[in-house]
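Two complexes come next, and they have one chain in common, chain A, joined by chain B in the first and chain C in the second.
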Partner chain A sequence: MGLPAIPIVNDPGLDEAVKDLTPEKISNVVNRIIDSETAARFKVYMKTCVHCGLCSDACHWFLSNDRDPRFSPVGKVKQTLWEIIKRKDSLDPAFLKECSRIAHTECNVCRRCSMYCPFGIDIAYLLMVVRRICSELEMVPQFLQDTVNSHSVTMNQMWVKQDEWIDTLQWQEEEAKGEIKTARIPLDKEGADVFYSVIAPEPKILAQLIGNIAQIMAVAKVDWTMPSFDGWDNSNMAMFSGDFETMGRVERYHHEAAQKLKARRIVMGECGHAFRGAAYDGPRWLGWRQPPIPLIHAVDFYHELITTGRIKIARKFKTPVTVQEPCNIVRGRGLGQKLREIIAATCEDFTPPDPDFEHNYCCGAGGGVINCGPPWKTSRVKGNRVKAEQLADTKAQIIITPCHNCHSGIEDIISGYKLGMHVKFFSEILMEVMEIPDEMRA
Partner chain B sequence: MYEFVSGPLVWIAFIVFVSGMVYQFVIMLRSAKKDKVIYPYMSLKYSLRSLFHWIIPFASRNMRDRYEVTIVTFLFHICLILVPILLIAHIAMFSFAWGLKWMALSQGSATYMTIIVILACLFFFIRRLMLPEVQFVTYPSDYLLLAIAAAPFITGLAANQQWFDYQTTVIIHMITGSIMLMVIPFTRLSHMLFFPFTRAYMGSEFGAVRNARDW
Partner chain C sequence: MENHVSYALHILEEPVQYLALAFMALMYIIKISQMLKKPIPPEKAELKGDRVAGAFDSLLNVLKPWSMESTRNNPYFYIEFLIFHIGVALTIGATFFIPLFPSLMTLTVSKIFMIFMGLAFLIGLRRIYRRLTVPEIRIISSPDDFFAITLMTVFFAVGFGAMSLWIKGSPDTGWMWIFFLMTTFFLLYVPFSKISHYVLYPFGRINFGRIFGGRGVLNKNVKAPSWNPK
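This part shows the complex of A and B:
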């Protein structure tokens, strides 16, 4: 068909692991996963797909790579699962590297395609089965596997030690107190209304976000706490590598930390995948129909603070803004409308992206793809040209992105396509516009 | 030969079709129990909401974006299902055997609808051949299934119009019709059975769990 060659990327996580694989090892894992870990969904999806290709237009990878059929959702399933099923017992190790490349680095499991399949086949789930097989064969991109190892050892994604965690919180409390006298970060407080959890990159590289939330909580007079112990990190890369055992442990720690502190509810920081893990993939793996303690995303929380008047807006944000609607909270939790409402309440000049709401394009970073690290960055940015075009069309200067993956992914797209825009979390907007009573000011 | 195909073969085809569908249905229900997430999240309200948006033409975004496929697909499926059931010649066979009768299509509309099915098959064939994203995921079996679906309509039309020897055409028509019925439960044509369930499950997930729309 004359398709361009896909650049070969060297990734030690795959290139070293592949040397230990044999067709027997592969066939053992494939048979175990297919026979004992999948059931009706997998089997019916495989039988029902009529190879119509109608899911293609859903995928930003397909659209951005000039409609290259290898990047369409069903094209990815064909190159991985259909081959796996067809040649179960004679799969060569090199093929597994292809599977990992496709499933881990060229699919964001954003689930947009299941809205385009006439049968509602959950194609992202099928790609997750491929990831599971790859993970069980230790075929996971190195950077992604490193975060999983960190989860497994430290219960957080970035090798943050407990003393560093507490130290960072105290430092940020000091910073917040410098602005607002009453700002505190209450550690291990029992029975608080809000148990606030963040992803590990916050203490590691974006600590000011914790200081921001301390100020917001103080102004809104929220009764809140954070744990000093493991379970504070709500992120979960094991969910995306295919290491579901570790994924389950991480989610259990998070929920149990809140239970230990007898919190009334969990409020999660601005991160999409973390919310998906805590609300959705985690409970399912653990056999919980619903999370044991009510769980809401920051967008929901800010909506509550603003609509109930606990946070008042002093002046609206003037610079033109648009929004990156994170898949895992908009398509994954229907928070699109609330997100619009808090933007309308705080920003003067908002232009929606097109398409939007459930039909928004993924940032290209989610689903663990950005965590596959620098080796895969070029293909990731190339694979989301449609996002760059969509953002440029809004002519906004600031893109509000209430998700960490989106935040980093959109920044890469902005620099890759020279859009000259900037990315902000919603809390950063809120910090600029909320009314701080004079008596609170330091 | 005519006696065999119009009698036992049709019987066999119906038995294989019905029992095959029941078998696939039971297998699906049993493996749905093993797939722990299905029953707890199934919701009638959201299943119906999703089905509603996907059986009404243009009610979903992709149906509007790919309007040509939507038009052809809807016409194809409506005609494909109605013509065999409401064809006067088919009803006459049942009426002759069992004395059963039901409403029939006029011969003229049945002919037009048959032509629609055949043209739709041609459209699907060309689409498969020409569109890279469809061609890439096409197996030879996809063409075969298309041929199996088209054959009873082509031969039916030929018999009705008496283009060739009538007796021979009717025999071929009955054989191709029986083949189609028999392969439905065991091939991708089983989407006839599975479609409402895959849709219902995705509708439930989107509605009840994710609080979002799936169309």
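This part shows the complex of A and C:
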């Protein structure tokens, strides 16, 4: 068909692991996963797809790679799962390496294509089955696997040790107190209204976000706590690598940490995938009747603080803004409207992206793709040209996004396509516009 | 319209078709019960919307081209889809109406059937062309896809031919024989082909609706969940 060659990317996670694979090993894992781990919908989807290709236009990878059919959602399923099912017992290691490349690095499991498919087929789920098979065969991109190893050993994604964690919180408490006298980060407080959890990149590289939340909590007079022990990291890269056992452990720790402190509810920081893991994928894997403690995303929380008047807006943010709507909380949880409302409450000049809400394009970083690391950055940024065009069309200067993956992914797109824009979390906007009573100021 | 046919054609039009129909139904029962043997793990998270309303909404989205981005962005494709599927329903319907209720098939009704068969035939040709030429469709097309769409397209043409003779008062023609032989073949073949999507459609759609309805993405204006099937 005369398609351009897919650039070869060296990734030791795949290049080394492939050497240990044998057709027998592959066939054992494939048969086990397909026979005993897939749900009824797997069969339904596999049998229902009419190969109409309507899902193609949903995928930023397909659109951004000049409509290369290998990047269409169903094209990815054809190159992986259809072949896996067809040749279950005669799959070669090189093919499995291709499967891992496609499923781990060329799909963000964003589910936009489900909105396009006339049958509502969840292609992301099908590609997650491929990831699961690859993970069981240890065919996972190295950087992504490293985050999973970190989860497994330290219960956080970035090898943050407990003393580093506590140290960072103390440092950020000091910083916050420098602005607001009453700002505290209460550690291990029992019975608090809010158990606040973050993702590990916050203490590692974005510690100021923790200081910001300490100030916001102080102004809103929220009774809150954070744990000094494991369970503070709510992220979950194991969910995306296909290591569901580790995913389950991580989610259990997170919920149990809140339970241990008898918190009334969990408020999760601004991250989409973390919310997906804690609210949906984790509990489902663990077979819980329901998560033990009510759980909300930061967008819900900020909406509550603003609409109840616990946070008052002193002045509106003037610079033109737009929004990157994280798939996992907008398409995945219906928080789009609340996100719009808090932006409307805080920003003067907002231009919505087109398409928007649950139809918005993925940032290209989610689903563990950005965690596949530098080797895959070029293809990732190339695979989201449509997002760059969409953002440029808004003519905004600031892109608000309440998600870490979106934040990093959009930053890469801004620099890759020279958009000259900046990305902010919502809490950063809030810090600039919220009213701080004079008596609270340090 | 009169329907005096030979005994042999009568056998093909009625008992043979009933047997084939029964076979098809049996195959579907087996297929669906096998599918449902697999677990259907429910979502455990707190409900944010209405799963039942979501499922209904999703199920009916075939009638709401504005609700799905693919058809919203391409109304022509939706019209084509609609005509093609009405053509399918009427062509299959004709194989029941002709032997069982010939009096319902007045000249006007028959002509309406034929218009849809003719249009569906043209759309069938276009679909074959698309499968052969559009890269993202060609790459995913299987031999069954080509076989199924070709068969359907020929079926429309044969149906059109058989009915055009039928309305002229010739019910027992070679065209009619081929039409009913093809119908019988369809009934036996369809459970094993992608054409089965019409039976499986509700499963995928209901699942989609339950998930996105329960998460408050569909039916955004529903205030309280009507039922929580945990």
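By definition in this document, the second predicted complex is superposed on the first by the 440 of 442 C-alpha atoms of A that agree within 3 Å, B and C clash if a C-alpha of one lies under 4 Å from a C-alpha of the other, contacts with A are read in each partner's own complex, and residues count from 1 in each chain.
Everything below uses one rule, namely that a residue touches a chain if its C-beta (ideal position, glycine included) is under 8 Å from a C-beta of that chain, and two chains touch if they have at least 3 such contacts.
The shown structure was predicted, so the numbers you read here are calculated from the model rather than taken from an experiment.
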So, after the overlay on chain A, do chain B and chain C clash or fit? They clash
Exercise. Touching A:72 in the superposition: chain B (first), chain C (second), both, neither?
Worked result: both
When the two structures are overlaid on chain A, which partner does A:54 contact: first (chain B), second (chain C), both, or neither? both
Exercise for review: Classify the contacts of A:257 with the two partner chains as first (chain B alone), second (chain C alone), both, or neither.
Suggested key: neither
Original post:
Thinking of the overlay built on chain A, is A:337 touched by chain B (first), by chain C (second), by both, or by neither?
Top reply: second
- Message: By the touch definition at the top of the document, which applies to A:294: first (chain B), second (chain C), both, or neither?
- Response: second
Counting only touches as set out at the top, which of chain B and chain C does A:45 meet: first, second, both, neither? both
Both partners, chain B and chain C, contact chain A at residues 1, 38-45, 47-54, 56-58, 62, 67, 69-70, 72, 74-75, 78, 114-116, 118-122, 280, 284, 287, 289, 330-334, 355, 358-359
Residue positions on chain C within touch of chain A in the complex are 31, 34-41, 43-46, 48-49, 58, 62, 68-71, 73, 77, 134-142, 145, 194, 196-197, 200-201, 203-205, 207-209, 212, 215-217, 220, 230
Counting only contacts in the complex, chain B reaches chain A at residues 28, 31-38, 40-41, 50, 54, 60-63, 65-66, 69, 73, 131-139, 142, 188, 190-191, 194-195, 197-199, 201-203, 205-206, 209-215
In the complex, the residues of chain A that touch chain B are 1, 38-45, 47-54, 56-58, 62, 67, 69-70, 72, 74-75, 78, 114-116, 118-122, 280, 284, 287, 289, 330-336, 355, 357-359
Per the touch rule above, chain A residues touching chain C in the complex are 1, 38-45, 47-58, 62, 67-70, 72, 74-75, 78, 114-122, 279-280, 283-284, 287-291, 294-295, 330-334, 337, 355, 358-359
